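Before anything else, here is the set of structures, which you'll find just below.
Look for subunit A in each of the two complexes below; its partner is subunit B in the first and subunit C in the second.
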Partner chain A sequence: MKKFLLPLLVLSLAACSGGEQGESDVIKIGYIGPMTGDAGSYGHDTKKGIDLYFQEHPTIQGKKVELIYEDAICNSQSAASAATKLVNIDQVKVIIGGQCSSETLGAAPVTEQHKVILISPVSSSPEVRDAGDYVFRMYPSDAIVGQTLAEEALKYERIAIITESTDYAEAYHDSVLHYLVQAQEVTPVVDEIVQPNTADFKTILQKVQNAKADVLLSIMQTPVKSGILVKQAAELGITAQIYGTDTLAGDDFEQHAKNAAKGVKMVIVAEDDSRAEVKEFKKVFGNFQAPVIFSLKSYDAAHVLADAIEAVGYDSDAIKQWLYDMPGREGLGGPIEFDEYGENNSQAGSVKVGVEDPATGRIVFELLREEP
Partner chain B sequence: MDYLLHIAILSSIYSLAVLGQNYASGYTGLISINHGAFMGIGAYAGAILLKWYGVPFPVAFLAAGAATGLAAWLLSFPLLKLKGDSFVLVSFGFSFIAFNLFLNWRGLTNGALGLKAIPGPELVNLLDNTKIIFLAILLALILITLWGLHKILQSSYGVVIRATRENQKVTQIAGHCTDSYRRSVFVLSGVITGIAGLFLASYISTIDPTLFNYHLSVLLLIMAILGGLASLKGSIAGATLLIVLPELLRFLGLPNSILAESQQISYGLILILLMYYRPVGLFGTYKI
Partner chain C sequence: MQIILNGLIVGSAYALMGIGFSLIYSTVRYFNLAYGMVAVIGAYVAYTLMNSWSLNYVIAMLAGALVAVLIGMLSSSILFKPMVRRGGSSLVILVASFGLLIILQNISALIWQNTTRALSISDRILPGYNLFGLIITPNQLMIGAVALLMMLILELFLKKTRYGMAIRAIGDNQELTKVLGLKTEQIILAVYVIGTFISAISATLIALEIGIRPTHGVTLVIKAIIAAIIGGLGSIRGALLGGLLLGVAENLGIYFLGGQWQDTVAFTLLAVFLLVRPEGLFAKKRLVSVN
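Then we have the complex of A and B:
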């Protein structure tokens, strides 16, 4: 029994050690993200983006910034635990995270209850919009980006959609379908959902071929999966124009799709490669494990938060108001302006959505959606 | 204080689930790797009623128990015909079937997107600090479960189910219909675990299929083995230890560059050491 009580005692002592921060010389900023597990690469790059910002700007209001990282392994329950620890033990007033939408939605009830700012760099689920008053995000909602993909698809007559059964892909699929069916009254000729970890798409691709689809939307969780799908489509002789989403951006796609990658288009949230500061960021950052935009958005989240604290102090209510009132600005990952839901959708200018031609490997911003 | 309450609530939820697991695996020898699926069935059944039909919490409570009981009863027919490794493998297979149902029955479960903003018990609003009431309800439920299981195990029925664990043939020769005994144990164990699932759903207020994949089934069995098979207090100790341990590791003060990886490695190492030095678990009397 004593063995069993020891961890509890240690935890109690640890829990009691977190007192009121008061007028501390340190400004604590929490981080929640998937630092291990399948989505570890997202956590790695977003953490590095934040590290990079605070290496360049180590103080706010003359006080040292202390970053406290918590691993939530892309899981809502772990994110709730991480947020509870950050809020109650470390007494942070601001948290950058989560990265996976499930993390953000798991942590939000905790941060809302304690009136702590939760700013997510890359969560894109439409449900984050209603997660709370203190919840902000840098990445555009899938509802917006999905609509852009739907508009592209409407340039063709017979639309086929293949979606992987994951939270990101299904949310994205729903927003595409909503726009196609509700707004444009167009029904896809094929609309199939595949299991996560599926590696053989040939049966479904045969359906696409039989239905004589002239455009195929591939909504997958990872670039590897999209690469396999595109390769198998080419093997079957499918000539439909294939479109992918954000998750196509990555070397893995080209490695798996090989020659079939040529001509595949993608609707993605992307950085503007031609800007000097983005080029500089990429040089300093080194190797990316996830799409570059993820680390840019996390760098921007750290930047916006640091500016808010600099302007109004380490007070979550004041920071929240400052963020809502913040005039539009240009971040490394694109324009930043929060609407009344804390979303960075109604940006000054337009949502940065580009179409990339993998044949040249360059993202061309030929498709810019105007502000809704 | 809130953080301790949070850990206490999670530990209580998993303790309840492991009590169900241990009742089947420890006392009756049904080494099943599907209780994570039962937790999921209870969580989804309750959450769907709470969120979409606005039923009061006690109704969701009964429904979660009933749905899991029904699933366990149906599963028991093919499962209890099997023994040893086959039993373990088929129960493991059920975890995959249930996971795929949660993922693909989109009209009911909302698929991979899961269910968000699941309400908690109405009672929790009695105090400003809702966590205290939530914990009190859970502790009361655990005490009732402990008392109930203790009574069952002390009864002649309890002697028979333990006898089926030791030697099913001999128990049958003694005139007992062991299948009925084992089926009733499996159903009750499922009901207890399913109710724990409902509490998890209403506490974290957001669920998705990945929470209830086979990892959870394995975790619940590990909790039962670590705490001690055929030990009620061991169930609580095992669950509490495996919930508290990763939280404790958050306080190790490791450098940020190796923080997350080191936590995971330490977690695994501690488990290996514990099982090496205490193969029967902390309070166990029975070894697989």
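Then we have the complex of A and C:
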């Protein structure tokens, strides 16, 4: 009996492994993002953007699309585990993710090794540029967007910076500081790095106040941390203009900062509200938990990926080449054209400011149109 | 001065955590790592009551603390007490309490999700008060006032009531109290009630500043342990002073060394005490046999 069991087991395992994807009647697409944790709002909105695209376009090459979501809680180790699972167990050839830069940088070594496409909707750390040949991203690098923040800061005399110690925030900080110090020879009066588990900023904010800073750049990983910092700054009576980055706005930010969010500015890639298709997307999407551009970029990532598979099939090498060769096109979140590093640096940062919506009393971020 | 004030206020919350931990340790003589997580559940319950039932902060805090007390009593009766009865060593109980910490942390993440929940005493963020050039925020005022009140009540309870004196007696010598006919198990349960209640109040106060999330359970128990060890394990006054010292040292470290050094300062302080004065600031006096 025993001698029959072993071959039977081997055969069963072989059957379970799924065999070649090309012969399957479904197209598997993986997703890596923070679906829980303080960055959960990014995961919620980017997932929903992808869902919306595939609800509208449920098949590619006549095959049903199967989406497999993995939660990486904005953490590089979890992202690496998620990528390993998607590549080895689910045998996907394409992954949309990560969302946090830590996730993309954590997943990239796994996907590169297995020649799997990793296309990130919103990771913006400059380090993503060199993450690999199969790594693409929709959102411009912080090396570009960060310059807008630095230029805004230069409108003030005494600059303070508080940065969270994460892959995204530290790289963003370096871009801003590089521009301030190298290009403009301006040194911040306060330049503090805080641990990711820090949530009591009062003593550091005291430093900002003692240094008589008139602008404070808050470079945090999540809207929760930004919200807590803005709240504590308001309680201490800090009058410096606060600027955040693209991770600032969202429900979580407002929940913590409340009325103190009013007047806070953020530098972010702005969506073009004048376009009818963007208006329609907003209407269909419903309640946004994160900035609108995040879901637009994830929708666009799903779109270009679907077009690539439609054109060349479910083959990661062919998809990679198709993406590099893709002529420039207009996505919902703005222009898309990948350079030789797989980056889409076709947009710069814009400034938004928190204003009170008279209808709801809630703080919303509107594009700042300063008087000439 | 402002930095020291900030340190004293956050230190008063650490002190409460440390006092509760020390109080429990003085009677049971084992480390309960789930202590911080039970306190965080109390804060979560307060959050739920405030948001779903629109309860006032103080009432919600007290109700949350009662739920935490229930969980603390259950953990003692179902898990720790049977282990002690079966002769489980303090190391075995330490590991079991770590297991309980992980279980409670994951249950909390399931119920309240893994994000940071905001707790606030008012719907609007209000600027702090200026007292002789020092800024004290409404949240800091609440933390300082409640912590002080809790410490005064505890001091009176331990010194003026029969139960309080029994708790102190059992902390000094458990065997002797048995000989004197005190109901040891009942007193241990009472200590669990008081210690857990204090810790949940502390967690709900700290939540005003940093919000609540499941991982705070680990952070808080570490603060409690450091405060208790600095002060002298089992000493209430020691834990009070240890908590205040920890808060001030952390804030001075943040100001002079930078925000990334906060934890390093806390653990350096602990290491220095373990090296130079391992019995802590207020070592408990023990009855010793004289030959």
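Criterion: the second predicted complex is superposed on the first by the 232 of 372 C-alpha atoms of A that agree within 3 Å, B and C clash if a C-alpha of one lies under 4 Å from a C-alpha of the other, contacts with A are read in each partner's own complex, and residues count from 1 in each chain.
Throughout what follows, a residue touches a chain if its C-beta (ideal position, glycine included) is under 8 Å from a C-beta of that chain, and two chains touch if they have at least 3 such contacts.
No experiment lies behind these values; they were computed from the predicted model shown.
Peer 1: With the two complexes superposed on chain A, say which partner A:Tyr69 touches: subunit B (first), subunit C (second), both, or neither.
Peer 2: A:Tyr69 contacts subunit B only, not subunit C.
Peer 1: Touching A:Ala169 in the superposition: subunit B (first), subunit C (second), both, neither?
Peer 2: A:Ala169 sits against subunit B, while subunit C stays out of touch.
Peer 1: Check the residue A:Lys85 against both partner chains and state whether it touches subunit B (first), subunit C (second), both, or neither.
Peer 2: first
Peer 1: May I ask you to decide whether A:Asn287 touches subunit B, subunit C, both, or neither, giving the answer as first, second, both or neither?
Peer 2: In the superposed model, A:Asn287 contacts neither subunit B nor subunit C.
Peer 1: By the touch definition at the top of the document, which applies to A:Gln55: first (subunit B), second (subunit C), both, or neither?
Peer 2: A:Gln55 sits against neither subunit B nor subunit C.
Peer 1: Check the residue A:Glu127 against both partner chains and state whether it touches subunit B (first), subunit C (second), both, or neither.
Peer 2: First partner only.
Peer 1: Once chain A of both complexes is superposed, is A:Ser102 in touch with subunit B (first), subunit C (second), both, or neither?
Peer 2: In the superposition, A:Ser102 touches subunit B alone.
Peer 1: Looking only at subunit A, is it subunit B or subunit C that touches more of its residues?
Peer 2: Subunit A has more residues touched by B than by the other partner.
Peer 1: Where does A:Gln77 make contact in the superposed view: on subunit B (first), on subunit C (second), on both, or on neither?
Peer 2: The answer is first: A:Gln77 touches subunit B but not subunit C.
Peer 1: Is A:Ile193 in contact with subunit B, with subunit C, with both, or with neither (first, second, both, neither)?
Peer 2: After superposing on A, A:Ile193 lies in contact with both subunit B and subunit C.
Peer 1: Would you mind listing the overlap between the subunit B footprint and the subunit C footprint on subunit A?
Peer 2: On subunit A, the residues that contact subunit B in one structure and subunit C in the other are 36, 40, 165, 193, 195.
Peer 1: What residues of subunit A sit close enough to touch subunit C in their complex?
Peer 2: Residue list for subunit A touching subunit C: 36-38, 40, 73, 162, 165, 192-195, 197-204, 206-207, 224, 227-228, 231-232, 234-237, 252, 255-260.
Peer 1: Per the contact definition, I'd like the list of subunit A residues that touch subunit B in the complex.
Peer 2: Per the touch definition, subunit A meets subunit B at residues 3-4, 7-8, 10-12, 14-15, 18, 35-36, 40, 43, 47, 51, 67, 69-71, 75-77, 80-82, 84-85, 87-89, 102, 105-106, 109, 114, 125, 127, 165-167, 169-171, 174, 193, 195-196.
Peer 1: Could you pull out which subunit B residues touch subunit A in their complex?
Peer 2: Subunit B residues touching subunit A: 1-4, 6-7, 10, 100, 103-104, 106, 111-114, 116, 200, 204-208, 210-211, 237, 240-241, 244-245, 247-248, 250-251, 256, 259-261, 263-264, 282.
Peer 1: Quick one: in the complex, what on subunit C touches subunit A?
Peer 2: Where subunit C meets subunit A, its residues are 2-3, 6-7, 10, 109, 113-116, 118, 120, 123-128, 135, 137-139, 209-211, 213, 215, 219, 251, 254-255, 258-260, 262-263.
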